[in-house]
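Below are two complexes that have chain A in common, paired first with chain B and then with chain C.
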Partner chain A sequence: MTAIDDIALQAERARIRRTKIDRVLIVVCTFIGFLAVWEIAGRLSNPLFFAPVSDVVREFWLSLLDPRGRLLNGLVETLSVLVPGFVIASVLGVALGVLMGRSNLGFQILDPYVTIFYNTPRVALIPLLLLWIGVGDPLKIVIVILAAIFPVSVNTMVGIRDVSAQFTEPARSMNATESQLLRKVILPATFPYVVAGIKLGLGRALTTVIVAEFFVSVSGLGGILQATSSSYQMAKMFAPVIILAAMGVAIDGLLTYLERSVLRRYRS
Partner chain B sequence: MTVPTVDAATPPKLAVENIQKTFFKSVKDDVVGIPVLNGVSLSVSQGEFVSVIGPSGCGKSTLLRIIDGLIQPEGGRVLVDGRIVSGPGSDRAVVFQYFGLYPWRSVLRNVEFGLELKGVPAKERQEIALENIAQVGLRGFENHYPHELSGGMRQRVGFARALSLDPQIILMDEPFSSVDEQTRELLQEQLLELWSATRKTILFITHSIDEAVYMANRVVVMGARPGRIVEEITVDLPHPRTSEVRALPRFGEIRAHAWEILKKGIRESAELNAAA
Partner chain C sequence: MTTSLAHAAAREAAARRYVKRRNLAIRTGSIALLFLAWEIGGMFTPRIFLAPFHDTVLAFWKLTKDGTLLTATANSLSVLLAGLAISVVFGALLGLLMGRYLRFNWMIGPYVNGLYATPTVALLPVLSLWLGLYAGPKIAIVVLLAIFPIIKNTYAGVITVGQELLEPAVSMRASEFQIARLVIAPAIIPFVMAGLRLSVGRGIVGLVVGEFFTAQTGLGGLLVRYASSFRTAEMFVPIIVLVAAGYGLTSLVVLLQQRLAPWKETERDQGL
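Let's look at the complex of A and B:
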């Protein structure tokens, strides 16, 4: 490498480093600005309707430090319906999607109902289910299942129907049985669709469980939101919001990571 | 049509007898039948390398799928060693134009796939797969995924997968048409080496006259609408086929002859279409 090349290389490295620093600076500065505006607005406004960020952070920190506190219990309660409900919804959703994707009869029978449910706002069913199932965890689990199952099944079905002959033909040529074809070719080929369905379903499940808790829970995250806001405890009210935001971002990050690492292979 | 004479006592490795195939297509409220293959017969002996060329739409890929058992014909039959073919079987393997690899499987697991379907124990199928990966020159790429490989390498994985099943007949459906020119020549050489090392019977579909003549002992020329065999040309070029063979006057003669027949077939089908 000549001296001139070397100088150019150093300059390019310096340029890339500067762009990186600039990017971090922009993010940090705007975030500090955002907190400052929040703090000032919080101090100037009526404490019944808004709280400065310092109070919110203090309340949040205190809630986190208290292992028997209301916030962590609320989180556990919400997760204890969200997780099982979502697992059931994913398994049933994939099964339903396979049935509709693989069997024309299954598709013809089920498609109208799935379309109706998929497009009905799930929260509209809460009062009805409340009447049928009553207040309690089973209600919330049913709501989560109803929220998440249809995006998963519709995506699975579309994925299965879209599996290219370029995947099925080689397997058939190598004498695959119908069961091998489904397990080793069609389901793996549908995986990206299932992940997309799960992403959509999780978002819906999270929303729906919080709304359900407005109605029936005093101790879940939705219940805490409802209770603190109706008693004008603004600083406390933000704690579940922060947790929910963090959960949403974490779920999205996890699924994005999955997409980048595994699903990368599917694009060629 | 010339059909090679075969000893009556030993049936040919592959016999295709009077195949008829029609595709059905919905037109408005009705269904129409489009004849794709009309009375195709072909005989291939053990260890032969036969190329099939023809204008696009002549049904050469359909013929290959019927021989593999992926598609059932409306009439006629396919026999391997005198036994009637009713579906795919381990005596035949296909190398696809589109490679047919599974993107979620590594090279090793792609090559193992057919053995896995047959229920071969994990250790044994890995041994067989590794051996064939080495044979196609992909040692060191066992744990790569298809998206990390070039087109030529992907097709070599396709070869290795076909070889792993140890078929007697390899059916190749325009295997090199989606790779670039230089890669294609390298793959052609590699296939000829594999062929002379293994003495498999190969039916090789291509749209390149040059490739058809260069690779095969015999070139089958098909005509279109409906697909049928127009002529079979014996390729009396020396082995091994190297790039010098392409420079021989005889190579040019055979290629010119094949092109004449192909052109005649295309003209005839145009006339048939005009008459219809």
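Let's look at the complex of A and C:
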């Protein structure tokens, strides 16, 4: 009996292993094919419009070694508005969400604004804010806040309402005060919703900060993109694109991991 | 007994009506406060920073009457709708293939996920070099922002089409095409629509960015033109139209979702 089970188990394991190998092979082959097409297309086309991948990699490497560090400075400049803006947006967004989720008056007052701003394409506000705030870092920080705050607050509000409906009565029956209820029960249980909101908000913030840098076009990764593309330096132009893609994927992966581990903790 | 029950029900209904009316009053008051602040703020700040609210209303009327606004809106909407249509067709197709064929998913999946997480507006300069300055790059950037939620949602829809739907079809020797058309397509419509709902907002961002940085046409073009000439009263007009368009299109998709798939409320907002 056990011997048969063992054989079946081994066969199953071998099958899974083969599928895994298949998968890795396919992913690697597709990637190599992608790079090959890029390389050939780059060599065949006018260097003003496209660059082969080997040139892009070389330029990327050179700009990392560059003693003036334009690329790294650009990255630091972008991060230096993205991070503080995003922290402020998260804190304010959660506070707004709690207010709207727990108080009917708060909800009725704030909901019209949240609906309007949630539907406003945030990049459309850049020209207006440019007039009001000027071209410096404060502009970008404000724009990051505006881009990220509404997904965070809407998700927090939805979470608080869902969670409140489940947990308010049991906690009340054990004589919990409002602050105990909020701190010990509702906020921890809302955390998965907040993380989902932060994920969405960070994506929006990244897009919006790039557009703002296109406008101001002297600093950050967006500025480098604008400068290199308007002078037709194709190989150089792809370096910030690669960094931005890597940033997006890293943020997304990190938050998805956080989301999953939080959810797993609540399930068990 | 019955009268007291009727009384209680009537009292309940009255109380509910009261709460409803009070909530509406609070919301109206809250929004009215914004416009009041805008009006008063506009009176006391230099016009190059903020014009009072009634000036924007007048500007809205004037731009509607001379046709500027209509032309710009038509221009923007045609780009947006073209981009969204392309996104729905190709997004649903890619999602379908990814869900049905594991190997295809392995090939394409990493790029779809990667580009979904990338701020694709970064590709606008190169798109503009390749496709020129007019509708081409704008439609392309709308597609690059709008297609990924549709792909991901369709994919999620296809892989959740249960075996209980597929097995009978297979046992009756349905061809792959018949399965796709008769079993999977109806089952994934709600998912495609849920993806489209997310795509509308992203598409509008792409549209505006495209109109800012390639040839300045449409509502985004109007916005930049008025902003750079400090005509703040006019500047709010395209912003208002864009907000209304976003809200209207999203509501339309929700309505369509209910009409096309009334049997199912499931929606999976991947990466909400």
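Quick notes on this structure:
As a working rule, the second predicted complex is superposed on the first by the 249 of 268 C-alpha atoms of A that agree within 3 Å, B and C clash if a C-alpha of one lies under 4 Å from a C-alpha of the other, contacts with A are read in each partner's own complex, and residues count from 1 in each chain.
Everything that follows uses one rule, which is that a contact is a pair of C-beta atoms (placed from the backbone, for glycine too) under 8 Å apart; a residue touches a chain by one contact, two chains touch by 3 or more.
Bear in mind that the values here come from a model prediction, so they are computed numbers and not experimental data.
Looking at the shared chain after the overlay, A:M100 reaches neither chain B nor chain C. Judged by the touch definition given at the top, the superposed model places A:V114 against neither chain B nor chain C. Within the superposed three-chain model, A:L130 lies in touch with chain C and out of touch with chain B [touch as defined at top]. In the superposition on chain A, A:S229 contacts chain C only, with no contact to chain B. Of the two partners chain B and chain C, more chain A residues are in touch with C. Of the two partner chains placed around the shared chain by superposition, neither chain B nor chain C is touched by A:A89. By the document's definition of touching, of the two partners only chain B reaches A:F167; chain C does not.
Residue ranges of chain A in contact with chain C, taken from their complex: 22-23, 26-27, 30-31, 34, 48-50, 104-105, 108-113, 115-116, 119-125, 127-128, 130-132, 155, 196, 199-200, 203, 206-207, 210-211, 214-215, 221-222, 225-226, 229-230, 232, 234, 237, 240-241, 244-245, 248-249, 251-253.
Contacts from chain C toward chain A in the complex involve residues 23, 26-27, 30-31, 34, 48-50, 103, 106-108, 110-111, 113-126, 128-130, 201, 204-205, 207-209, 212-213, 220, 223-224, 227-228, 230, 232, 235, 238-239, 242-243, 246-247, 250, 271-272. For chain A in complex with chain B, the touching residues are 166-167, 169-177, 180, 184-185, 188-189, 191, 262, 264-268.
Across the interface of their complex, chain A is touched by residues 68-70, 87-90, 93-94, 96, 98, 100, 102-104, 113-114, 116-118, 145-147, 165 of chain B.
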